[in-house]
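Which chain is which? They are A, B and C, in the order written, and residues in each are numbered from 1.
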Amino acid sequence: MNRRRGMWLVLAVVLLGLGAGLMVTGQGDEPRPERPQVEFPRRMRRDDWKRAEQRRTQVVQPVDAGTQAAEPQRPRDPVLAALPRGAGRSAVVIEANALRHSPIGELLLDCLMRDGGKRLDEFRRVSGVDPLQDLDRLVITDKGLVLSGNFSNAKFKELFQERTASDYGPGAKVYEPGSVVVTTENGSQRRGRDDGVVGTWNDQLLVVGDNPESVKEVLDQVHGGGSNEPPVISEGSTYGEMYGVLSVEEIAKLIPKEQADLAQRLREVASTVELHMDARSDVAMVAEIRGADERKVTDLGKSLGAALSVARLKAQAEGNKDLAQMLDFAKVLPGGSEFKMELAVPLDAIKERLAFCRDERQAGEARQEKP
Amino acid sequence: MSAIEVSGLQKTYRSAFRRTGHDALRGVDLTVPEGSAFGLIGPNGAGKTTFIKAILGIVHPTAGTVKVLGGSPEDPSIRARIGYLPERLHLPGAWTATAFLHTVAKLKGHRPDTAAHLRLLERVGLAHAAGRKIGGYSKGMRQRLGLAAALLGSPSLLVLDEPTDGIDPVGRVEVRTILQEEVRRGTTLFLNSHLLAETERVCDRVAILADGRVLREGRLEELARGGARWAVRFAPGADAGALAAAGFQAGSTEGLFHVEAADPAVLNAALDKARAAGALLVELRREGQDLEAVLTSTMGVAA
Amino acid sequence: MRPVLGIAGYVLREAASRKFILAFLIGITLVLFVLSLSLKLEVLDGALAATRLFGEEMYLGIRAVDVALRPLFMASAYVVFYGGILFGIVACSDFAPSLLSPGRIEHLLALPLQRWHILAGTFLGVMTLALCGSLYGSVGLWLIFGVKTGYWPIGPLVAALLACGSFAAVYAVMLTTATLVRSAALCAATGFLTFVAGIIAGYRSSIAPVFEEGLSRKLFLAVTAVIPRLSALATASADLAASQPLGVKSLELLLAGVVVFGLGVLAVGLWRFEGKDY
């Protein structure tokens, strides 16, 4: 009996040892990896306010007949002044400098420099502007472009030598459309025609438009004139690495043809679409869609949410992992007469996608270094 | 063959934190013949329950050998032929009697037979309560159910610890009848009871256990035999002086006398003297010891 | 094997007659019933459009229903896992001490059963009870989510099974305790201690750096190596519920290790029970 009893004890020791071994093997030694959290741009952060404050460099004196005592004017950001004003206008600001130093920016740079940086060097040489250093913000509006940064080294005279230039207010010049002569690397000259109108303001702003009126309108605004309506982007909405207001039509065009009904409803219900994108780590986007009719806006939000869900299921079924992963984070947040749509792409997914750019850039640079 | 054979059985209960233990059994030698009705009696703390548990494998002996039905009590096949009624049998209150017997039959390895169970319940006097929950049973009813469970499967050895505890006198008669029937069938009965009168009526062999040892053991008649004392009754009017001279001592009631006579010749001589003195003999009875007297006298001697 | 099943049936029959178990079943049913009535999920084309609990709208946003409900599935997995084990400790602490009580154990030991049949049968009976109870609750949750959302999450079911495996380890400790000291309170206490130790053991890699490098850290790692990793299993069940990658190398090996631990402790109990006098 004692032997049988002893057998149980031996079995116990063996089983406890085996159990420990199985658990150690099964669990592994590494602590659980933290799931990446995606930060969505939903409001101004402290850094955003600081940035906005630093940009308030322009003091504009009001034009008056001398009847009233001059009140001290608060300084303002000239780029915000340059933005389109009034309903129905659109503008998207790309914080090129911030983007340049973000992980996505590094990846995009790899793509840009796939040829080893030849085209970038060419641009630098011709324009005198280094987009990677001198460009602060790029604004794409419904009527053109506005670039802000440090253009003191820009070779405007050489670039616009054959165009008609005129002064337009203090520190501003407007270059009419005309022919352009460009000296290439090997010393030969090339002649072309540029129909765009270019305006400059000090060495800070570069305005590009289709016609002189649109460029002059922008410069007027910078000088303190222009429409009294507020700009499409207020200072309190300048958060994210990319932000702006798009017209409903422009957003509707982005919706795939299969969802034409949805696009049409968007046109009917929404009045404005405000976009913000955060690229400090993962790329996260928030779109705020506003409309007058609360019920219709809520229904639209639900339909969009359902469409995203269907798209996700479709992507999963088709094995489109990238799209499915992006739509994993997709969310529609209803809120009365507006709703927010959130989408995100994890940085790892983007890295994987753009890995080829890094490989090609390294190959290109290696080719350049070879004698 | 012996149903139970115990040799040099010792059991010491040791506590984890004490060096010395309590010696419940100090070397017990006992043999219970097959087919006998054996009673184990003794004072509280004698080791009776420990002895019963040792022969059933519920406690492990410290020393000695135990053989039950020719084998070891550790062997489940031996225990399959034993029916046991513990002193304080726990019965699940929410079950019915038939459900309990059903479960015990399965655990004993028998196929449950509802009809046989009902017959068994009838035998122990519980047929009327077969479908009732055990929680509503009286103590006597619970004991009867326990007995029924012990009788399941017609065991070769019945070990009963206080089987009539809580049962009314009429019920005790019924239980006694059942036990006697079992003994007549050839079942060996091993009984532990404080009710000495019951033990006397049921058992033919008895052992007296005290302080972990067997003091006396043997057939009941041999143990109870008192020796040479007789009780004699004479008709009223007998000459007390003449009877005293003949060796008769006056008893507690009128006409009752006691006389010591080792053999029939001495007895008859005394009777002749009494009759010669004019006494009329009405009743003659040998005075034997009952079990209680046996126990007390044994304990007294042991002390 | 039949005697083991016989004892298991004995235990189950006993459990069925206990009002506590009945109260538990009624309690779970009520909770599921209230949840099914009060949780309103508006699903549109597979997207969770609106969530209402007790009439109040919960601001979860409109997104794909399986994604939106991930936190809910994870929470339900944790509740099923930890809640199930805790309830099991309280509800089942009395079974073994009751079975080993005087008058009962003597009767059982006198039956033609091996001693290990009795303990193993008790273990099997209680585990069957635990499995049935946890499956009842988890299938109820699964049905509620499935009917309301059209999405049938496997999370609660997986959590229930993992919880049962974990409870096997915890109950083995409780049963072994009963063979040492026949006390329901002590059994519950050792069960709870095992539960807490299991949570700590699951986080041993993260906790180890708290200890000074050297003997104390080695001792901590050595001791926790043997203890079942309950929190790791809980987290794995939540990960499975949320369709997230597992944080453990092999869930099968981990679960097997926990169950084998339980059997090892049970073997200690059997060793003790074989030599014990009743």
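The criterion applied here is as follows: contacts are C-beta pairs under 8 Å (C-beta built on N, C-alpha and C of every residue); 3 or more make two chains touch, one makes a residue touch a chain.
Computed from a prediction, not measured in an experiment: that's the story for all the values here.
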**Report entry** Chain with minimal offset from the mean of all protein Cα atoms
**Finding:** C
Query - Label of the chain whose CA centroid is most distant from the centroid of subunit B - result: A
Query - Where subunit A and subunit B are represented by their mean Cα positions, the distance between them in whole Å - result: 101
Query raised in the report: In whole angstrom, what separates the CA-based centres of subunit A and subunit C?
Result: 50
Query raised in the report: Just how far, in Å, is the C-alpha centre of subunit C from the one of subunit B?
Result: 51
Query raised in the report: What parts of subunit A, by residue number, touch at least two of the other chains?
Result: 1
Report summary line: Multi-chain contacts in subunit C, i.e. residues touching at least two other chains, fall at 275
Requested in this report: Going through subunit B residue by residue, note those that touch at least 2 other chains and give them in order.
Outcome: 60
Requested in this report: Can you check the complex and tell me which residues of subunit C touch subunit A?
Outcome: 44-50, 59, 61-65, 67-68, 116, 202, 205-206, 225-226, 228-229, 232, 235, 244, 247-265, 267-268, 270-271, 274-275
Requested in this report: Note which residues of subunit A are touching subunit C in the complex, please.
Outcome: 1, 4-6, 8-9, 11-33, 35, 301-310, 312-313, 327-328, 330-334, 339, 342
Report summary line: subunit B contacts subunit C in the complex at 13, 53, 56-60, 76-77, 79-80, 82, 84, 86-90, 92-95, 99, 103-104, 106-109, 149, 159
Report task. Mind listing the subunit C positions that touch subunit B in their complex? Result -> 2-3, 6-7, 9-10, 13-14, 17-18, 101-114, 275, 277-278
